Each structure stands twice: as C-alpha cells, then as structure tokens.
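Note sheet for the following structure.
Going in written order, the chains are labelled A, B, C and D, and every chain counts its residues from 1.
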C-alpha cells in the first residue's frame, strides 16, 4: 500500500524554491515516482518537474532558476493516471485568468463522470489524472475571480483532496470538507508555509501554526492569511492509515503525533492479544512504534531482531526471481542470535496480500524462533481505498476472503492477532467517529462512482 | 534560418513504427529538437516522444512497443512554443470523440486571437504551441464526426499548415489552401504513406503517388484513400525556401526535384552576375547544387575548396568563444592549395545576419584567394517569415537595412551578387505567381495577426 | 568514518554472477563508491565494474554476460587512491601466469616503500591503489606457481588485508596474519563462498562454515577447500570498529554476532556511566543496539525519539548550505512529543569531529528535552587508522585535543560518557588482547610507514 | 576500413586544454570511439578520457580543470585492444622517473612477443593495447633519463608509431623510422604544437612549420624544439591510404595537400579507364576529390547525384535489418532526376567486401541509370594492414579472391576500373618508392610477428 502524494508550498520567500526542495525531500515517503516545483514571481510562473526522487530531479541550477517568490511543490506516486511525465505535478495550465499550478493529494471519486461531461462540452484532456478535471472546472468563465471559480469547481467534485494552488498572485491551500488528507500551516521568517506533514515544517525550521481545517480554503500572500469555509459542513473522515502506516512518526497529523498514536495502537494490541513470549520484535521501520507500545504494555522485552537494508532502491533488480525468499531477506534479515530458541511476538502494521508476511515468518522460523506470534497494529484490510491510497483489488486482499485464524495458518505463525476496529478507534486520538476506516469496514464516506477514467492512450 | 518540422505517416502496416522511424530519420534536417511517433492499433493509441534526434529518442524496445498499425511521426524545431518536452509532437489528447494525435508543420498566424477566444470559453492550454489551438477547435462538439469538425476547425485558422492526424481509425493528411508546406503521398506494400519530402519515401522504399493538394484533406486507411476539398480555393503560396535551402536535394518538392531547381537558380545567378574568375566553389552543403549550376553556365571550373566537418553536433561547445573565427573554421575549413593565387566565385544560398559570411570571406582570403566574388542563389532576405521558418527579426536581417553593395563591402568580398526575385521566379518550376516570397518582398499571402501567444510560464 | 571495502566470492556455480551481485548488495554498507564483479569460466575472466551503487552498476544484461563459473566481487569506498574508475576493484591484470583478478579489503602500511622499490626495478603503476603493489609482487617470475608467488608476495607487505583472488582456475581467500579484517567461508549448493560478513551468506542462502583464519590462505574450487598457513603466526589484531560501527548487526564477525556485542557494550556503558533519566534514545541506526543494552542494564525505558530519513543519497545537495542545522535534521529529526519535558540518555556509537553531535544535541534541546546525557558506546577516538578505515587526521579528531568533559560542554550535553577501553575489551567476546584498538590508544600493531603514495596525477 | 588514432599536443600555453579539444575535434574522423586529454602543469599531470566523441567526452568544467600548461590529446578507434575505457588514451602511468602520458597512432607488429618477454620478467598488463608495451620498455631503469630510455625502448619495437608523450616537463613527438603515420609541427602564439594532420593546426590558428621526420624525436618546451635522430635510417613507408581515404582533404599530409593528391589519382584513373558516359558522380564524401579529377581529365560533366545523410551516428539502429538496402539508402540516396536515362561514371575510393558497392549500384540502377561504370581511385585491396588500419581478414577482402572483372559483375556494374599500383605511385607526390602499399601488394615493410596479443579477459 502506497500513499499518493505530498504537498509543500511557500507563500513568498527569497529562498522559496530551496525551502520547497527541502520540504519535498522530507515528504519523499509520500511519493517516489515524480517530483515538481513551481514558483511565481513578477507575474510569471516557472516550473521544473520530472520522474524520480526529489534529490535526482532537482539540480542546484534548477533551484536557482526557480528562485524566490511563492512556490508549490509535489511528490507523487500514481494511483490514477499512469506513471509518466505528463502526469507529474504541479499541473500547470494557462486559462482565461492567466496561469495556475495545481498540486493535488487525494483522489476524486466522480472524475470519470465529470470528464465525460466536460468532453461533451468540447474539453480536451492531455493527461490521465483526475486532477485535470479540477482545472477544467476552474477554467469555466462563469465566475468573476479565482475564488468563486474555485469554490464552484470544488462543489462539483467528490472525493478526497488536499490542494495547493499557485497563481501569479497567491498560494491557496484547500482541504476537502471531510478532511481525508492532512495539510498543515506553518510560518517561516514571516511567510506562511503549507505542508502535508509537519516533519516538513521541522526540516525547514518553520513553526507549526495549525491545520487547514476540513472544508477550509486559505489564501496566502507572504504573511497574510485569508480563510473561507464555503462548503456545507460534513462529517469528518480523516484517513486513519496516515496514523497506521503512511505518515512519518515524527509528524503531527490531524493534530497528534504519529509515533505516539502508533504506540497507543501497540498497547491496545497487547491488551487485545496478550501472549506469553520472550521477546517483542518489530518489522522495521513501520512496525517500530507499535512494537514498542506492545512491549511496554505487555512487559515482554523489546528486541531488535530484524535488520533492514536501506540501500534498496527503485532500480534494484532481483536476479534470482525464482527464489523469492531472497527478496524478502534482501529487505529485512533476521538475526539468528536473537531468535534462536526464543518465543517471539512480531509486530507489523498490516497484512495486504500475505506473501511477504509468510516469507518473513519462514525466515524467522529458520533463524531459530520456537514460537512466532504475529501481531498487526491495525484491523484486517478487507476493502479497497478510493481516496488516494494504492490498494490491491478486493480479491487480492487476503483478509477479504480469509479469517484471521486462516491467515495465521497461511503465513505459518503460531498465532495471529489484529487490532480490533473498536480498539483502534478507542486508542486513536479523539476517540469516536472522525476517521475514514472504509478499508476495514467497506463503509465509504462518499458515493463511489464506479466509472474509471479509461486510459485511452499509452506512453511508451 | 531553420525549418520547423517534418511529418511522416503510415496508413496501416505491420512495420508501421519502424517505417516511421526511418521516415523521420530521413527528415531529420527539418527538425532536430524533438521527435515523436504515435501508432494506432485495436482502438488504442500509443506514443513515444522526447527531446533529441530521432536515433536518440527511439530505442528498439520503443519501436517494438509502438508496433504495427497506423502511425504518425514528427520531428520538430520550435518556432512557436519553447524548447521543451511538453511541446514535442505528435500532440495527443482525449476529447469527446476519443483520442487524436496531431502532427503539424507550419505556423498559424491567428493563433493568439483564437487562443484568447477559446480561453474565454473555458479552455485550458497546457503547451505554448499554436498547434494546440487546432485541437481545441476540433474538440468542439458541434459537429457529428471528425471530418466535419476538422473542416470547421481549419476554416477558423489562418496560416500555414501541413497536418498528419491519427485517430484510432484512420490517418488524415491535410495541406492548407495555399499549400505553403509540402506533403506527399506514397504507397508501400499496399498501404498509403505520407511524408513531408519524398526522400523519406525513397528511404522506406515507398513509391511516390502524388502530393496532397493545397486545400485537400485525405483520409487514409490501409490502401483506401478518400479525398475532400472543402475549402474555398486560394492562390497558391508554396514556400520557395524549400527549394532554396530547406528540402534535401534528393527530394521532389511541389512536384520538382530540389537539386535541379537549385542548379537552375545557380545558372540564372551566373547569367545575372557574371564575373571573370578561376574557380567556382560552393559553401557546402547547401550551396553545392547552385554552385554546380553557376559553374556549368559560366564555364568556370567547379572546385571543392571548402571542407565541412560533419561531426559537429548540438552538444558542441566552443571553448574559445572570444575567437569566433575558430567556430567558422570548425564547420568549414578552406583548402589553401585550392585558393592560393586564385580568383574565386563562392556560391552560398543566403546571407542572414552576415557574420558568418564575413568570417568565411576572411578565411578564404587568408587561404590565399586574390579575388572573392560572393554569389547568393536567392534574393536578399528583407522580411521575417510568419509561416513556420525561424527567421531573425527584421532589424537583424542585414538586407533589410543595407544594399547589396554595402553588404558586399561589409563582408569583405570583392563583389556580391544576389539572384533577383524575377530571376528566381523565372527559373523556378512553373514560372509565375505560385510561390510565397514574402521574406524577399514583405508581401504576405495572409493577414498577420500581430498578437503573439504570450509564454506565461517557463519550464526550467 | 567509513569502511573501505567488502568482498564476496563464489568458487563455482551456475549462478555465480547473480549470487555475487546479491552478496555485494548486502555488503553495500562497506563501500558505496564503486562495485565490480569478475567471473572465470572456460579459462577466461570477464569483468564489469563502475562507479556507483551495486544496483546501479549492474544491469541484468551484465549479470547474464558475466554468467556462471567462479566469481569475485568488490564494493569500495576509497581510503587510498582517488575516487575514480581506474581504482575500482576487482583489479584485473594479465601477467606471466595468465590473468588474475584481485579484490582487497584493508590497507597496506608499507605500500609507498614497496612501490618505490618496484618502480626502481622498472614497474609501471596505472592506479593509485595500494592493492596494485600486491599484484606487482605476485607477478615476479621467481616462483613456479601462484601459491608460492602469493606467499612470497604477502611476506613482503605489511598492514591489513583480506583478499579474494580469482584466477581462471580457482578462487583464493586470504586474511593477513593479524586478522584485521573479517572474511568468512560458507557453502551454497555444493560450492564454497567467501564473504566479508555473514549477512551476505544469509542473503544468498549459504550456510556459514567458519572464518578464514588469520594468516590462512584457502584455495577453493567448487566444493574443494585446500588450506595453507604459510606465515609466521602473529598476535591477533581484529578491528574492533567492525563491532562498534561498520559491520551490520545481523552479521557474525570474528565469530560473534555484532548486535549482541553492541548490546554488551551498551550494558557496560550503563554500568560505567549511570544517570537518572526518563528515557534512553538511540541515534539511529548505528546506536540502536547499544542503546537497547543501556536501557536493559539501567532499567530506563527505551524510546524511539529520533527519526531517520532513509531517502538521503549521495546525490543529495543541501540547498541551504549556510543553515547546516537543516542538514542534521534532514538525516535525523527529533520527535517533540517524545522529548518534551524529559531527561534523556542519547546513545551514539562515536564522536569524530563533534560537529554533528553538537547540532544533534541542539535539536533535541529544541524539541524540549530538559536534560541530555550523551553516552558513546566506544572510547574516545584519538588516533587515525592506517588499516583501511577512512579517519580524519589526528588534529580533526576532537578527542585527540579535548577531554570528555570539554567535549561534553562543547556539544552542549548535560553529561557525556564514553565507554572505557578496559570496559570495551572486557565486554567484547573473548576478553583480552585480540583486537586492534589503535584508534583509541595509538598503539599500532605494525610499524607505520609514513611515506604516502603520492598521487602524481589526477583524473578529472 | 577505419583509421586508428589522431594525436594533438601543445608544448605550453595558457589555453592548452581548449586548444587540444579543438585540435582533437578536427581529428575526429581519425577515431570516434574514445577521446582523452592530459595536461601537465606545476609538475602534475591531469587527465580526462572517456568513450565517445570529443564533444561528448569533454564538458567545459573538464577543460577548465585540465587548464593551462603542456598537453597531449588522443582520439581512438580500436584496432588492437577491445573497445573499452581502460584502452582509451592518453595512457598515463607512474614509473620510476615520475609520470608519463602516452598517445600512440599506429600499431606494433612485435607487441605479442615483447609482451611475453616482459611478462616473463614480472610485468603486469592492465590493458590489451600494444601501446602498453612501449611504456613498460620505457620504464626499465637501465638508462639515466627519459631520452635514453625512450630511444632504447623504441629500438626494441617494430611497426608503425607516431607518438606524443607528455612528462611533467616536456612534450615529446616521435615518428617511427619509416614514417608510416603522419605527425606535423606547428606554432601557436609562441608555443609548439603537434598534430596528426594540418587541418587541426588550421582550426586552432597555428602555423604549419614542418613534419616530424621519420625516425626523429622532438622535445618541445614552449618555444624550444630540440631534435634527435637516434635510429638507423630506413626506407620510407608512408601509409598511402592517408591520401586515398583517411586524411581530411584540407590537410597537408606527408608534405602535400590531400585533395590535390586525390584529384591526381582521379585524373590518372580517367586515363587508365576511360569510358563514354554522360556524367561523373562521386560517392560522397570520400570519392569527391577523385571524381572531380576524373571529370576534369575526361571532360565528362561532374554531377551531384548521391545525397549523403549526415545525421547518422553511432547510435543509429537499423530497425529493418532484413532489408539491408534500406541501410545503404539511409547513408546515401540517389537523385532519380539526375540518373534517369543517363550513362554514369561513379567514383569511389575503395571496395572492401563489395556488399555496399553492390547495393549502391542497384540503387543507382533503380534510379534510372542506363549504364553504371564504377571507377575506384585506388588499386584492389588484397592484403590486411598490420600498421594501424582496421582491415578485414584477407578472405573477407573481395579483391584477394576475385579479379576486377569478377568483382564488376558481382556488384552489377557495366564496367569496373581500379587505379593501377603503378599509376597510383606515379601520380602520387614524389613518385617512387616512398609509400607503404602493402595492402595492395602484400609486401610489408617489416617482418610481421604473427603472434597476436591474446585477449585473456573481457570487459562487459
């Protein structure tokens, strides 16, 4: 499961491009496929984007040319639209009111229908991204200014969106009325800054101010912030997977520190699924916080028994594809001297297809563990996400067809325990009904338009 | 002065992509900035384009993925729009009737006005190319099919255009009513082929059939050709610079072989500007044919005294920028043993800014020539081109401010003779009034919309 | 401080190149500058090497061409010789007995003197590596076979060397008589395998057999191992920094698991430098194991308060070079919600120049820690290493000029405690006198030839 | 057939690297595989070399780092040694007298024997180039200085060599006693310059002084030239293929302009093989000068009927490999309007395997020629070259097994005439016995050591 995107913006600073570069770098975990930065100065927008990691896309010369002013940056892993340069963001167009650059985190669920409608009116589409729909709606000349056009445009779309928009005059931040995706506001040397996660504010040295609220649009120019809330309020639906897996543990998301939420999930998991064991071991790095919580709550010693190889990159090719166990060990290798003769609790954040978990259990068994108790710091994933997370189809999700007991047997664990939905919600901040948990329950916060944007062409 | 573009298309063949690659390769002289090929098969369009030469853009894997079917290819040197990937062609969009790929050679003179109008109706523009306007017009849902939309769209644009369009169902070739740009039809193993110049037909082994006529639209599917001529006829205005410089000497353009036309210009030049000399030398390669014609007509021996270095590429950097004479010699070096003690006629195709000619004359003088008589196989260029040739502004054109005598003195020649406009037209095929000679006379065949598409953003 | 090299070899297997690729990949932490693989089959040696990471140097086509047979691979970070391709290893030459490929981990301390001597006899040197000296000595035609030449050659060199040599006929493994550098033997599907660390054996699925012993030479052909110990025995001098920092925690080095040794260091550190605190936090990842040991011994809870960004690569450029604090935060960001109001023990593996530690302490202080107690799981580094570790000069080593108290004040910690030399040796496996601890004491196991191989040329 | 190498050197100038870059650029036709420049300043040698064309290997930053001082540069197409970076030149080593960079044009015929002998004395070889042998001999410490070592070293080698050597103190130029390969001396702003051909002197603006004489060694420091002639004089054996094909027509080689020599060959060819025809056409560009000579002598009009595509580069891939006729047309396309109904003389410089000539004749026939009379401005090539030209093996040379009449029929020409050996020698400058014509006669100027340097390893 992969997050779609990360956003960063600066409302006016002499180091705008460089700050945005650093901000995107700290949001790299939210999208590794493409990166882009647009800046606005003297009525002119400049842009640089390409496929690849932030540090590979931008050379110093690019940052110098992008320069000072206002900026918006984006990192992307594609959930809709194919993996190609024309789909990289920010998405920059010229229309009747000038130019606008759009960076979008999330996924529209009625993009296909809107697209058909727009094409029927003569629109041409040059990308396969749902984000292009927003820009077409925005370009309709019915309204007198960007603000009214934007409000009208967003009233027509349904789904999840955190947006950072850049016009020659201002930086605009938006969260959809349900607040699926995070977007925070900070200040840096007198300028406002937008970031998907606060770890990006930390990196540039910005101070956290507050989150953009669900349904809020903020218009930022240097140190001025103007806020409107034009939409009918809706029940909040924050993506709980930001807590479980996506966000960095040092980020504050939806108002709370991610590491601490994960530890609370781990403690709750220990209460729900206690076991007599010698060690608690995390699947690094995503299981670290929950494993520590489990260890603290259970009193079982925390150990580091799985070593992750951090050199593995997108270009790594497995030369022994028939020996897939090798690939699992390439990423994470068990320490025999830790596991030998021990009963272990292994804490991971999720089981998607189960292949990896099964190989992991096998490797730990071969390293000498006498009992392996898998503990998952989230409920079973039974449904696909339509709001911007790259999930497999339902039938590929093992929990949609098998019970936890069956899954435990399938992966070869001596026991398997998932965090319960209720336990998760109770141990999450502000217990109650404010999260999107559709991937665990199938109860989607919006209608899901089953039409998909057909990819009618293909870039080779 | 550089040509903007070259087109090639195949109406259905199992080697469509490979044939198009070869066709584009032989049209490389028409555009070295970007190259692209789109193919259509099974209702799906595939595309690959990038900055660079044909042989660098396409790897065998690309051609295999593009594969069989119908195809359209394009090489480009930008005259409008900046030098960036988003401006590479074919230009591929999805609209209400599906997908369409457009390859355009030429330049619209009312693009800015049309663009403003379209934006006023809500259109968004993602490139800075005038070609994007044609696609927006085409996408208007007023008409029932591609044919009617295309006709209506082209009725609104003014300027020069040879077009090759690819839908999932057919390949379409168009020449504007004045026939500014060439476009030929050939057949290859039962399929129709389109090419900007016949040298591309030769290369793939296709047989020349005829030219697309001015104002004609041809619809091609495999071996079927359907032709319409929906536009009001206009006076022909073939770009005479195709004969003077752009087209390859082995091509048949506007119905006649380019090498032979150039020789006829050279012969006429000899009649208009005879001189007593020992040798006739061409500035290679563009002056070769005219020099041979001059030599034949004058009876002065033809010699090869200037050696061109063919290794010079776009990546060449002059490390001694202060010594610009070096750059002229890098391209073309005079042979001392040919020039020493000789009175020479040097034949070139044009003088644009005069800097190069001046350095050339100096180098030949240093090689020992006692008299240097420059002969130019075209009239003085006094006006900019708005139909797709990259010309400097008027004030940079030396002939717009200086007489031939002044230019001759300026470049250091003992005499300078230009071909006269009347001589050019008389020695061209079908003497008379069928050519666009606006760059020599300032009499443009169309109104020129002075508005320019403002580049409101910039890709770094 | 960076390790110089990692070695991997296969004594004969149909997937030799692919196994070596995987082996090198798991040894990537030992050298990220260049990578190379040589294979021998049918009397012919093939090689591929280049600058870059393992996964970037080798494409599938390279591995296919390298193919089956015997192999030797190398990853390198340069300590002697500059960073250039000609210095990448394996180092392959032809000499009187045919061809030989040499992969070397370590550093010769008398290379400059040997080089001068060899040059005096007519040798030419094409690299700036000390390893080239070994090959020149080996090529002397005095001895009848590779074995005798190799023994004679190694009798002349002084310093640290683990070697993997490949001839068309066999794979040879060597450790110097003091055993500075590790080298392990494993078996995989009937073939012997050599690896600098056992994590590489784990990855390919090989079984650990034993270490090459100090002063031992092993000749490997498929499943045959012939061992000789031709050198006069010397006191062992295993590099203790392999335990402190270099080796992966999942490796068994010098016969013991690295993670467990580090934990023992951490426990001893807790005994030597106890403190009243709320949390123990590791500087990830190198401080993880020791911090866990410290926490266990002290009873203070282990926490994860520092988040490491694993995307940072060699191409990362700091755009705000004036703001160096940013760079420290780019690598490791403190979690405010963990540190706020807490007295913390921060465990790191070493302090070299102190710049990073100082910024780290500052960042943790800003995150709200009320007391910061730095604990270092090694003694103060006071001397340079001449045996293959990239250390700064003595005067750059802060501990060579400042006391721990002064360093503690300098970095802004409330207290600073180093592991004592005696405590380190007692808590290491096989307590006693078997380690090279020269970087802490200045007592080098060999004479140090102060002459340095002068780099008389430079590759641009 | 391809030339092996080109040399350029500057004896001391503040723009040494840049001048060498330009010099190499104008010698690019002598080797397109790799390029390198070494410079010496302040006792230190700097080098940059890589695979590729001159303009691709060197970026401005490289030239700046290489900087001022003395320099030597090299372009290479491999005749011995494989195509890999380690074989790129200049070849730079450290030996007892310091450092030396060697650039070699030519081929040693006793390299294998010398190599075996050197290996027997303990030498190691890191490349597969014969040039490495020279350096090993040079490094022998028997003689007191570079001069004596160099003389002694060259007394042992046999074959062809033009050398440019760079020590920290001086630039040294050498031609072998028979003078196989050209090497000229020029001056530029007070410094001496060496170049394989005078076109490189022209380009940088240097004045031609004289050739290095056969058997001469020149020691150059800025404006000082010291000459020695230590070798026993031998009969000259200048490579006549420099006149026939390799050298640029604007170069003065062996004291005479190449274009004029080629024209003389063409005139002689017309006298030896007259024919009644309508046109004389050259195979461009190598046949141009001889065709002009043929036309002048015969009185038959010179025409340009074959158009060469200059965009074809090393990366070009023929996508229709089954249709090889396409490849011939890709390079050179006949103009139908020139050939139609005409009897033509086609002048080319040589026939090697005959495949290309055959396809060329076919294409011209298809373009409408009624008679095709091939005329070759050199005698039939019947033997391989061992002195630095890349020739096929004897059995691949069509003229070694077929008579001219058979070859004429084979390629489909109506007649075929080769220049006779006697005619070639008589029309060459200084008629008589001063050329190496072994490829036409099999009479080699030296013994040919049949041993070949076995390539014992292979770089992937």
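Note that a residue touches a chain if its C-beta (ideal position, glycine included) is under 8 Å from a C-beta of that chain, and two chains touch if they have at least 3 such contacts.
Just so it is clear, the model here is predicted, and its values are computed rather than measured.
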item	value
Common touching chains of chain C and chain B	A, D
Centroid comparison with chain C (C-alpha atoms), farthest chain	B
Centroid spacing, where centroids are CA-atom means, of chain B and chain D in whole angstrom	36
Length of the line joining the C-alpha centres of chain C and chain D, rounded to whole Å	49
Chain A and chain D, separation of their C-alpha mean positions in angstrom	61
Each pair of chains that touches, named by its two labels	A-B, A-C, B-D, C-D
Sites on chain D touched by chain C in the complex	38, 44-48, 62, 65-66, 85-86, 92-96, 98-99, 101, 119-126, 135-136, 139-141, 456-460
Residues of chain A defined as touching chain C within the complex	15, 17-19, 21-22, 25-26, 28-29, 32, 53-56, 59-60, 63, 199, 202-205, 248-250, 252, 257, 259-260, 285, 288-289, 292, 296, 301-304, 307, 309-313, 315-317, 319-320, 323, 325-326, 329-330, 333-338
